[in-house]
Structures are given as C-alpha cells and as structure tokens.
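There are two complexes below, and they share chain A, which is joined by chain B in the first and by chain C in the second.
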Partner chain A sequence: MRSLTLEGVSFWYPATDSPALRNVSLHVARGEIVALVGALGAGASTLLLVAADLAPRVTGGRLTGSAARHDRSGIVLPTPWTQASGMAFSVWDEVAFGPANLGWPTHEIARQVDRALEQLELAPLASRDPVTLSGGELQRVIIAAILAMDPGLVLLDEPAAELDSDGARTLWRLIRLLAKEGKAVLLATSTLDALPEVADRVVWLEDGAIRAVGPPDLLADVAACDAGLGTSVATVWRTSGLPGPYPLTVAHALRRWR
Partner chain B sequence: MLALALVLTLTPGAGSSPGLRPGLVVLRTVLLTAAPFWVFLLVLHDVATTVAIGLRITTMVASFVWLVAALEPARLVEAMVAAGWSASLAYLFGATLSAVPVLKARAQRIVEAQRARGLSARGGIAARLRALRALALPLVLSALHEVDERALALETRGLVPGIRRTPLAPPPDTPVERAARWALLLACLFALFRRVM
Partner chain C sequence: MIPVLRLDGVSFSYGSVPALADVSFDIAPGERVALLGRNGAGKSTVVRLIAGLQRPDEGTVWVGDWDTRDCAPEELARRVGSLFQHADQQLFASSVRDDVSFGPRALGVGEREVERRTDDALEDLDLTPHAAHHPYDLPPALRKLAALAGVLALEPALLVLDEPTIGLDRALRARVTRGLLERSAAGAAVLVITHDLTFAAETLERGLVLDRGTLACDEPLAALLGDATRLEPLGLEPPPVAALSAALDLPGRPVRAAEAARELARVARGRPAP
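Entry: the complex of A and B
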C-alpha cells in the first residue's frame, strides 16, 4: 500500500529558471524506509518539501507532474531552533503543540506525547524549558513533536545532524521501529554509514534528478563512491586501490578478506 | 493612568535581570524608551505641551513594556484559545510578544561571535556605532531568513487557518477577573466617549 506517489515531478523555486527537481518519479510504501542521498543542492530537501505538500503551497514556486499523498505527513527540518513553537513552558508542552493544533481530546494528546517522549528517551527532560536545551536535545524534542502527531508518512531532513553518536543510534533504531509499525519513512541524510542497517531503498539524486534507485548496496557502487556517496568502509576500500564492488560495512569487508 | 502604569511597572516578578530588581529593569526600559520623545517634544514645543504629550507617550510606553514583561506569551495563547479565539490569531499575538526576548538572545549570540572575531563594542561613541551597525545587519537578515523556515515548521505542526486547537492548560478565569475585564473595557469606552463629545 503506497503512502506517497510522485509521478514526473519537476519543481521550480520562485524567480528561478532552472528546476530544483527534474522529472522525479518515486513511490514510498507503508512500512518502507527510503533514503535520499546526493551532493549538496542535489534536491533532497526540496523533494521532502514536495512530499510534505509544503512546496509549492507554502514556499511558492511552480510544480509540474503529480504528487499524491495517501497519509498525513510530518516533516522534521534540519534546524531545530527554527522549529520550536516558542509557545511552550516545557518540553512536554512543546511536543503537545502539534497534537493540540489537530484538535485531539486531551487524553489522546497526553497518550501520544508520553509515547513520543519515551521513544526519543526524553521523559527525564519533560519538565525542562525548551530554551535551556542543547541543540541535540532540541532536535530530539522536535522529532518527538512530529511523531506525537502520528503521521503516516514521516519525512526527515538530516535528522542526525545535531545528534551525538548515542542519540543518532537511538534515532536509527526508532526509524526501524516506525517502519515496523507501518509508517512510511522518507529521509534525506549525509550520514551514509547508517543506511545499510536502516534503509530499505536508496535514491541517489544528482542535480535535481534521480540518477539511481536500489538497495543500500548502491552505496558500495563504484560510481557512487566516486561521487563521494560511499560509506566510510567503501571509501577506505576504494582509496586503498582495492577492486570493486566495495564493501558497505566492516562486516562486509571482513567477509571479503576471508 | 501614568501613576498606575508606573506602579504596575514596579511590580516584582515582571521581568528578570541579574543584579537589578525585576520591576526596576522594566522601569529603566520605560524611561530609556520614552526619553527621546521628551527631548524631541521639548525642542518642538513649550514646557506645558511637552509635559502633556510626554506623559501620554510615557504612559503608552509603560503600558506596553509592562505588558511584555509581565505576560507569558504561551499563557496568552492558551487563554485566547480557551476563550474561542482563532489559534492563528492567538499565535500572532503570542509570537509578537515573544519576539523581544528571542531577538535579544540572538543579538547576544551575534555580539559574542563578533567579539570572537575581534570586533569590540567598547570604547567611544564611534566604536559603539560601528559595533551597532555590525550587529543590526546580521540580526535583521537572520530574522528575515528564519521567517521562511518558521512558516514551514508551523504549517507542518498543524498551525493552519481554521483549526480548532485544544487548550492544554487554560489559565483560570474567575468571575472577578471577567468582571474586571468588562469594567476596564467600559471605562475605555467611557473615556473615548467623553473625549469625542
């Protein structure tokens, strides 16, 4: 069952001549995790904004092709400090901001907020003032705030950018859990090492167009490594002059050695 | 009215600043904001007119500063939503009131970053003016840039026109407070009527 279907989507930001997305066709099924990778400016963030129905509706610009969303979406943007509501005394209130805007009854809001706080290991911070949090803590709060709205389609733009390694590991585990619950996850990330364990499919974007789609093995492809999109292990393998296809992870590399 | 505003301004708990009583911080802000108006009025008018207009301006400034200092924007939003106002409109009021501390915090970060790069805000008037110019541009530009991202973030968090937001913790609204509000409104209308007639 599809959660998002994009057919031949091209998108131009206002007052620009060249499109940020070119003829992109992509579908994301419920329970699937799709990762968008590419160089800076490849179009991953724009693709997420289109998927969230924010571009062109809020950003302005022009879209051709069709974008069908079959579930309510929630998007986490890369800068947590611009996503805080500024209207909350505590982390709990911050996470409850979205559910309250949906008009849910208070008991349902409380259930979803408590669950999201547990999922992001934020329960001990529930009474803290959001302005006193570190960047990583605030990023987790924003992710919890989106999950508390129970979106069927979860869109994440560089979700691990502000997190330390423990926080990132928790996040990747949570993303797998969300997929198991049946949510569709579309994420743009430059943390490529996590993708072999997390993503079901990888979409390689280049200059606004899809260059390749495939399993995470795509990140061990010679061309992907040449474009700087290999995992750390694949990149080391390539730099050492060893022959391709490159191993994705340390476990893969060990198997190759033996 | 001015006396009332100043008394309210001195109310403890209206703001916070290390080393100064909160009320005094608000009073200082009021006086610093109103002072330029008094100077201009004195240049343009006689003493009697200056005092008459200056007191009105000071009253307005004192009322606004006291409101900003004493009112928690989140509490205002909750109260407005509970009273049946549109959530978007309530957020507009709340965001306006919360803009002052947000911009202050950002200005502090910019000043610290500029200090780290060797730009000092200390010294004579010329040095301070240079520092002010160096602060104003990034402050305004970053605020404008943030507007786009904040609009996207609020949209995705459900703050769209026409929603019926659930009040999470509406402040208690006692019959006495309701009566006081109506009395103040009637007093304003009566004053306006007397002024016009």
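Entry: the complex of A and C
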C-alpha cells in the first residue's frame, strides 16, 4: 500500500532556469524506510519539500509531473529550531501545539503527546522551557512534535544532525519502530554510516535526478565510493586498493577479514 | 607563552539549571581541539562564554590576556571568531560576499585587506561560485559554510566552531578540514564542538569531553576515539574508521581514513587476500 507516489516530477524554484528535480519517479510504501543520499544540492531536501506538499505550495516555483500523498504527512526540516511554535513555555505544550491545531479532543492530545515524549526519551524534559534546551534536545522535541500529530508519512531532513550518539541511536531505532507500525518514512541524511541498519531502500540523487535505487549495499558500490557516498568502511576498503566487493559495515569487514 | 584561551574554574547556570561546574582548560596557539559530550553537557555554553555572550558565575574565561568579563562581544571578536550552532542567525547581508566581508570591515581593516581576506575565506570553503548569491537562496548546509567563511575572514587567533559540518557531504567536510588545517598551521587555535566524530578524527588532535557540565576528559583525540569502553559512559561511540581499526587490530589503530586504508593495504599484503 503506497503512502507517497511521485511520477515524473520536475521542480523549479522561483526565478531559476535549471530544475532542482528532474523527472523523479519514486514511491514509498507504508512500513517502508527510504533514504535519500547525494552530494549537496543533489535535490534530497527539495524532494522532501515536494513530498510534504510545501514545494511549490509554500516555496513558490513550478512543478511538473504528479505528486500524490495517500496519508497525512509530517516533515522535520533541517532547521528544526525554526519549527518551534515559540508560543509554548514547556516542552509538553510545544509538542501539544500540533495535535491541538488538528482539533483533537483533550484526552487524545495528551495521549499522543505523552507517547511522542516517551518515544524520544523526552519525558524528563517535559516541563522545561524550550528556550533552555540544547540544540540536540530541541531537535528531538521537534521530531516529537511532528510524531504527536500521528502522520502516516514521516519526512525527515537530516534528523540526526544535532543528536549525540545515544540520541541518534534512539532515533534510528524509533524510525524502525515507526515503519513496523506501518508508517512510511522518507529521509535525507549525510550520516551514511547509519543507513545499513536503518534503510530498506537507498535512493542516490545526482543533480536533481535519480541515479540509482537499491538496498543499502548500494553504499559499498565502487561508483558510490568514488562519488563520496560510500560508507566509511567501504571507502577505506576502496582507498586501500583491496579488491571488491567492499564491505559495508565493520561487521561485514570483520567477516571478510577472517 | 600565553595560551590563546584559558578557562579557569568556570561555573555557569541558566537560572536554576546548572550548565558548567568548575571547568578548567588551556588552548595553545595552533592547537586543534574537539569539545565533545552528550546533548545538554554544556558545550554550547562554553562557546557563548568564550564569545562573551554570557559571563561566568564563577571563575574566569581568559582570551589571551583579556578577561571576558571586561570585554564587550564586539571587542572579543578581534581575537575570537565564533560560529554558532544555528548559523542562519549569523547571516544578514544580501550577498554571501557582503556577509563574509562584513566582519573584517567592521574590525577596521583596510579595504584591500578586506578583499584579500574575503577572497581567501570564500576560496578556502569552495564558496566563490556562490559569492553573489543571497545567503537565504542557499541550502542550510551552505548557509552554515557561508557563516564559517565570515568567521575565517576575521583571521582571529582563536576559532570556535559549533557543529560546523551538519548536513555537509563528504567533499565539503574534507574542504572544511583542509581549511582548518591551514589556519592552524598559520598559528590559529581551533576549538570545534561536534557530534561528527569522523570529522573530528580527520581534523582535530586533542579531545575534551564534557559530562553533565564537568570536564571528564582531556587527552589526544586518536587514543580516546579508539577506546570504546571509555567512550561509552561519556555517551560517545567510536567513529566507524576507529571501530574498523580496532576490529581488524590494525597496527597503530588509526582513526583517520587515509591512514587506516594504508595500514589495511600493508597488513593485507602480508596475508592471503581476504
């Protein structure tokens, strides 16, 4: 069952001649985790904005092709601090802001907020004023605030950027859990080393177009390594001059080494 | 030699929320230092104290021979270049070039020197093609780099960078590494707050770890990053290259990719192909 279907999507930002996306066709199924990778400017963030119905609706610009969402979507932007309402004096109220705007009954708001805080291990911070939080704490609060609205399609742009190791581990585990619950997850990340454990499919974007789609093993391909998109382990293997296929993770490397 | 930076028994609280307790360390000219630790450990507070945006409750922050308590942030900017966590907030001009040149111009540097510094900083970070763009037409990662270029253009004795690599691809991270190595070789001290331990391993040489507001660790970074059992209680885990070196028991346990590849090739030559 599809959650997102993009068919032949091209997109131009306002007052630009060359498209940020070129003829992109991609679907994301419920229960699936799809990761977008690429060099800076390859189009991953733009693709997420299109998936979220923010481009061109909010950004302006022009879209050709079709983008269909079959579920309500929620997006965490790469600048999560811009997503805080600025109207809440506690983390709990901040996370409740979205569900309250959906007009849900009070008990349902409370249930979703408590659940989201729990999922991101934020319960101990529930009464803190958001302005006193660190960058990583705030990033988790924004992710919780999006999840509290119970979106069927979860869109995440660099969701682990400001998180410490524990926070990142919790997040990646949670993303797997969300997929298991049947949510579709589309994410963009430069943290390539996390993807073998997280993503079902990897989409390699180059200059606005899809260059390759495949399982995370894609990140151990010669071409991916040479484009700076190999995992750290695959890239070390490639640089060492040892023959392929290259191991994707430390565990793979250890198996091959023995 | 006077250290570029000295924190001497520094404590700080946000109201009733304690952030730092009795933190002391020195940084010498040319040193490249990572400041690591969990979210909320107090790392960004250190940046704000060094930039003079906060004053310590106790203890002293010395920038060279200046006590930050006696200096306005704009005076401190003559010695400290700070890149804040949310660097979007540092950009305001209508082109990247104007933004980068604002700092040196505000320092009163001559116009030709302003141009040279601006060109160098843009060049160092591969931003020359974006010089005429409006900063807000750039993606967030490039906005952060534009802000970093503005900091480099100040050519300060101390660079303090909060999460400079967020969202950057590997090529741009390598560019930041190269830029910082150049500045450090020229004598600037570099203090980087980061969760990106791969970048830290490639770029920096000494590791400070904050744990709930206290300084838990101060030692060579390579030794620290290779030691999973010591990292774990500090909320850190070895970056993949360090983990690979440990798992394969590569000689010298390198934490940088090029060195690990070299050792891997060397060891592989002495054994049957894996």
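By our rule, the second predicted complex is superposed on the first by the 258 of 258 C-alpha atoms of A that agree within 3 Å, B and C clash if a C-alpha of one lies under 4 Å from a C-alpha of the other, contacts with A are read in each partner's own complex, and residues count from 1 in each chain.
The criterion applied here is as follows: a residue touches a chain if its C-beta (ideal position, glycine included) is under 8 Å from a C-beta of that chain, and two chains touch if they have at least 3 such contacts.
Treat the numbers as computed from the prediction; the structure is a model and nothing was measured.
Chemist: Let's test your reading of the overlay: on chain A, do chain B and chain C clash or fit side by side?
Modeler: Superposition result for chain B and chain C: clash.
Chemist: Would you sort A:Leu49 into first (chain B), second (chain C), both or neither based on which partner it touches?
Modeler: So A:Leu49 only meets chain B here.
Chemist: For the three-chain arrangement built by superposition, which of chain B and chain C touches the greater number of chain A residues?
Modeler: With both complexes superposed on chain A, more residues of chain A are touched by C.
Chemist: Of the partners chain B and chain C, which touch A:Ile175 in the superposed model: first, second, both, neither?
Modeler: After superposition on chain A, A:Ile175 lies in contact with neither partner.
Chemist: Between chain B and chain C, whom does A:Ala184 touch in the aligned arrangement: first, second, both, or neither?
Modeler: After superposing on A, A:Ala184 lies clear of both chain B and chain C.
Chemist: Applying the touch criterion given at the start, work out whether A:Thr79 contacts chain B, chain C, both or neither, answering first, second, both or neither.
Modeler: Touch status of A:Thr79: both partners.
Chemist: Output check: A:Val198 vs chain B and chain C. Expected answer is one of first, second, both, neither. What do you get?
Modeler: neither
Chemist: Check whether A:Ala88 is in contact with chain B, with chain C, with both or with neither, and answer first, second, both or neither.
Modeler: Only chain B is touched by A:Ala88; chain C is not.
Chemist: Could you tell me if A:Leu102 is touching chain B, chain C, both of them or neither one (first, second, both, neither)?
Modeler: First partner only, chain B.
Chemist: Could you point to the stretch of chain B, among 44-52, 116-124 or 188-196, that collides with chain C in the superposition?
Modeler: Answer for the clashing stretch of chain B: 116-124.
Chemist: With the touch criterion stated at the top, can you tell me which chain A residues are shared between the chain B interface and the chain C interface?
Modeler: 79, 82
Chemist: Write out the stretch or stretches of chain A touching chain C in their complex.
Modeler: My answer: residues 38-41, 45, 78-79, 81-82, 128, 132-137, 140, 158, 161-168, 190, 193, 228-229, 231-233, 235-237, 239-243, 249-250, 253-254, 256-258.
Chemist: Any idea which chain B residues touch chain A in the complex?
Modeler: Residues 72-74, 77, 87, 91, 94-95, 98, 102, 105, 146, 148-160, 163-169 of chain B touch chain A in their complex.
Chemist: Once bound in the complex, which stretches of chain A touch chain B?
Modeler: 49, 52, 54, 58-59, 73-75, 77, 79, 82-83, 85-89, 93, 96-106, 109, 131, 145-146, 149
Chemist: Help me check something: in the complex, which residues belonging to chain C touch chain A?
Modeler: 14-15, 17, 37-40, 43-44, 85-86, 88, 139-142, 163, 166-172, 195, 198, 235-237, 239-241, 243-244, 247-248, 257-258, 260-262, 264-265, 268, 273-274
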